[in-house]
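See the structures that follow.
You will see two complexes here that share chain A, one where it goes with chain B and one where it goes with chain C.
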Partner chain A sequence: MKKALEIFLGILTAMGGFVEIGELVFSINAGAKFGYSLLWVVALGTIGIIIYGEMAGRIAAVTGQPVFYLIRERAGFVVGLGTLVAANLVNLLTCAAEIGGVAILLKLALNWPYRVFILLGLIFFLLVMWFLPFQWIERTFGLLGLLMVVFMLTAILLKPDWPQAAAGFIPNVPALESPKEYLVYAYFAVALMSSIMLPYETYFYASGGIEDHWTPSDVPLNRIIVTVGFVLGSLLAVALIIMGARLFLPNHIEPQLPGSAALGPVIVFGKWGLALALLGMFFAFGGAAIETCLSAAYNLAQFVGWPWGKFRKPGGAPRFALAWITMLILAGLLITTGVDPVSVVEYSIIFSVIILPLTYLPILLVAADRTCMGAFANRWWANTLGWFYLIILTIAGLCAIPLLIITHGGKG
Partner chain B sequence: MRRATQHGRWLQSAVALLIIGGLGFWFTAEVNKPLGAEDLKIAVSELRSHAAEGRLIAEQALSARLTATFFQTQTSMLRDKAGAVVKDLNSTAPRAGLEEELSRVKAFAERISADLASLSSSFDDRQEMSRLQEDLDTVFRQALEMEESLKH
Partner chain C sequence: MNQQEYLDIARQVLDRQLIDSNNIPCGKADDLEVECGPGGRLKMTAILVGPDARARRLPGLLRTLARRFLGDKVVRVPWGEVSVITSQIKLKSRASELGLDGAERRAARLIRQIPGA
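Right after this comes the complex of A and B.
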């Protein structure tokens, strides 16, 4: 009974914590620009994050080793250090964008000055991370993030063209007006893929397995949580694309603000829809802010070998605690400068694609290593899929910055 | 052997630096180049999107589906976005022959920005809100036409 409840909560938490500000912005805009035709990228990205999330969780359960320990061990100090710096810069940008997103949502609900909400948000996150244990943080934000289900209901009630939406899951390139439009399509495909496979999700998930003291007996639990949780979570991304296609595309709107997303639930459910959408986004962005912040501290502590973990009191892992506090403050300072959170997250997502292969290669090598993983090593099909995704991500990583420049950040 | 490894590392670092430098140079050149027809088209499509969103928000507010706080804040943020387009247009010189188009787009951006500013303070005045909704609808249609003309 306890195990079943653990699986159920794990699935709901993974689902509720799947969408953050970047995925929200790119998914809605993908639908607003290209209708249903980018849905296949969500399917492709979801299979990818399931494969690598499962491997990272399995390694954590079998060897007790987190991702950045493996990166340093397998890739060496120099490449490992490069990956650490890049990963934590991306974490910093993402965390700043999530804090900015939370402040915007609070402003939409209460209309106090934006910077006051940044400060209040920082204090709130600091208190939550200091006092709440890991499982409480994960479950509170994950479960309350499920209020985002209002976007799924909205997508259904907006009566999409289901056969056309189903056709969108088959890889396709629609007929577009100009060569530039094809590049914008490619930019959105790369960005959407990156927003689904964001590296911090793997760092956080594997570190979470160690926080929860997983053992090899938890390997099946890990498999169920990543598969069901991430598939259900990706349905939220699908719903956002459908909403973009049904509501924003015919109205010629390309949403640039988190509040624009709430207009879908407003049209379908009125003021209740607005309240649920704002609350759902608050917990989804808030959860992502905490996860990116903790991820940065996990990465650093695992790389240099400091004691780490939320299961330890801050006094038991002082350098780890100092790392996440510093990260939170830096992210707060960055967003206080007045930079647009949506622009920040767009850059963080594009730069994430570049470090994805560096993050996933060591995971694949260890998960396939029989001397290290024994009977839990990858089967042939997991290795094949792992390499397939690594090749795709490398190509995406090489194209990301040129596409960002040529398409003016997807604007055309 | 050790020398060869060190040599390889230097080479890798040099290639990485060259790629990063090249991308940085490309990015800076793109940002600093004079305003072309393509940039104007991007500006107009942003303005068209803001006008359309303003129109949709007004429509929902008129059906009593929005709170005053959300309405005021979201429309103010849209006005800021339109204002940022005006600022961008003012800060870059256009390519030769595009001066007239640029001044048209600027006037257009200022009109949308002003409409959104008035809209954000119209929550308690349904008549004014309705008028602004119609005006945003008109500028939205003009923006679509302007976008089309800039494509050719």
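Right after this comes the complex of A and C.
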């Protein structure tokens, strides 16, 4: 019974924590620009994050090793250090964007100056992270992030053309007006894929398993949570694309995100829709701000060998605590300079694709290694899928920056 | 892993996590010290831990920068201190007895000034 509850809560937490500002921005824009035709990327990315999330969680449960132990052991010190620096820069950008997103949402609700909300948000996150235990943070933000389900209901009530949406799940390239548009399409495909497979998700998920003291008996739990939780979470991304396609594409509107995301729920549900959408996004972005900032501290502590984890009191893992405090403050300072959170999101997502292969290769090598994993090592199909995604991500990683430059960040 | 009759020091020791006798993480095997005995036999003598042991592994300019900003401290953990090697390396003594807790202690003094730590 206790196990069933744990699985249930785990699934809901994984679902509620699936969407963050990057995914929201790229999903809605993908729908607004290309209708349903990029839905297949959501499916592709979701299977990818399930495969690698499951492997990272399984390694954590079986060997107690988080991702940055593996990166340093398998990629070596120098390449590992490069990955650490890149991963934490991406974490910093993502965290800054999430804080900015939260401030924009608060500004929509109460019309005070933007920077006041950045400061309030920062203080709120610091207090939450200092005082609440790991599982409380994870569950509170995950479960309240589920208010985003209002976007799913909105998408359904906007009466999408279901057969056409279903066709979008088959990989396709629609007929577009100019060659440049095809590049924009490719840019969105890469960005959407990256936003779903963001590297911090595996860092955080594996470290979280160790925070929750997983053992090999938790391998099935890990598998169910990842599969069901991420599939349900991806439906939120699907809903956002559909909403973009139904609401913004026919009217040629370029949505001002994240605020105009609430437009859909407002049209369908009125005042209550607005409230639910804003609250859902607040907890989804807030949860991601905390997760990225904790990820940065996990990565650093795991790479250099410090005691780490929220299960230790700050006094028992002082350098780890200093690391996340510093990270949160740096992210706050970055966004206070007035940079647009949405452009920060774009950079964080594009740079993420580049470090994805470096993050996932060590995970794949260890998960496949029988001397480390024993009976829990990858079966042939997990290895095949693992390598398949590694190739796709490497290609996406090589295209990412050229596409960013040529398309001016998807603007054509 | 214990039944194996040989130890692959590059894969099973270098860059692995060290934990002290209380299972507290206390650094990584940043570098290894090997001695050449009679007849050319190599013998592991120590695990080296700390910023300088890491800096040595970086290329030119990065090495200089790392030493400048992170210091040049190295702690030598004699090989005889190793208790068990699994996916981590367990040591026989406490981190404080091995001199591996300096920076952690200084950080703890700072963080404990905040209420709730």
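To be clear about the criterion, the second predicted complex is superposed on the first by the 411 of 412 C-alpha atoms of A that agree within 3 Å, B and C clash if a C-alpha of one lies under 4 Å from a C-alpha of the other, contacts with A are read in each partner's own complex, and residues count from 1 in each chain.
Everything below uses one rule, namely that a contact is a pair of C-beta atoms (placed from the backbone, for glycine too) under 8 Å apart; a residue touches a chain by one contact, two chains touch by 3 or more.
This structure is a prediction, so every number in the text was calculated from the model and none was measured.
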item	value
Touching partner for A:V78 - first (chain B), second (chain C), both, neither	both
Partner chain in contact with A:C372 - chain B first, chain C second, else both or neither	second
Touched partner set for A:A262, first chain B, second chain C, both or neither	first
Partner chain in contact with A:P113 - chain B first, chain C second, else both or neither	neither
Touching partner for A:P133 - first (chain B), second (chain C), both, neither	neither
Chain B versus chain C as contact partner of A:G315, first or second or both or neither	second
First, second, both or neither for A:G270, with chain B first and chain C second	first
Which of chain B and chain C A:P307 touches, first, second, both or neither	second
Chain C-contacting residues of chain A that also contact chain B	78
Of all residues in chain A, those that touch chain B in their complex	78, 104, 107-111, 177-178, 180, 251-257, 259-260, 262-263, 266-267, 270-271, 274, 278, 401-402, 405, 408, 411-412
Residues of chain B that touch chain A when the two form their complex	9, 23, 26-27, 30, 38, 41-42, 45-46, 48-49, 52-53, 56-57, 60, 64-67, 69-70, 72-74, 77-78, 81, 140, 144, 151
Residues on chain C engaged by chain A in the complex (per definition of touch)	1, 11, 15-18, 24-28, 30, 49, 54, 57-59, 87-88, 103-104, 107-108, 110-112, 114, 116-117
Complex contact set, residues of chain A against chain C	63-65, 69, 72-73, 76-78, 80-81, 130-131, 303-308, 313-315, 318-319, 321-322, 371-372
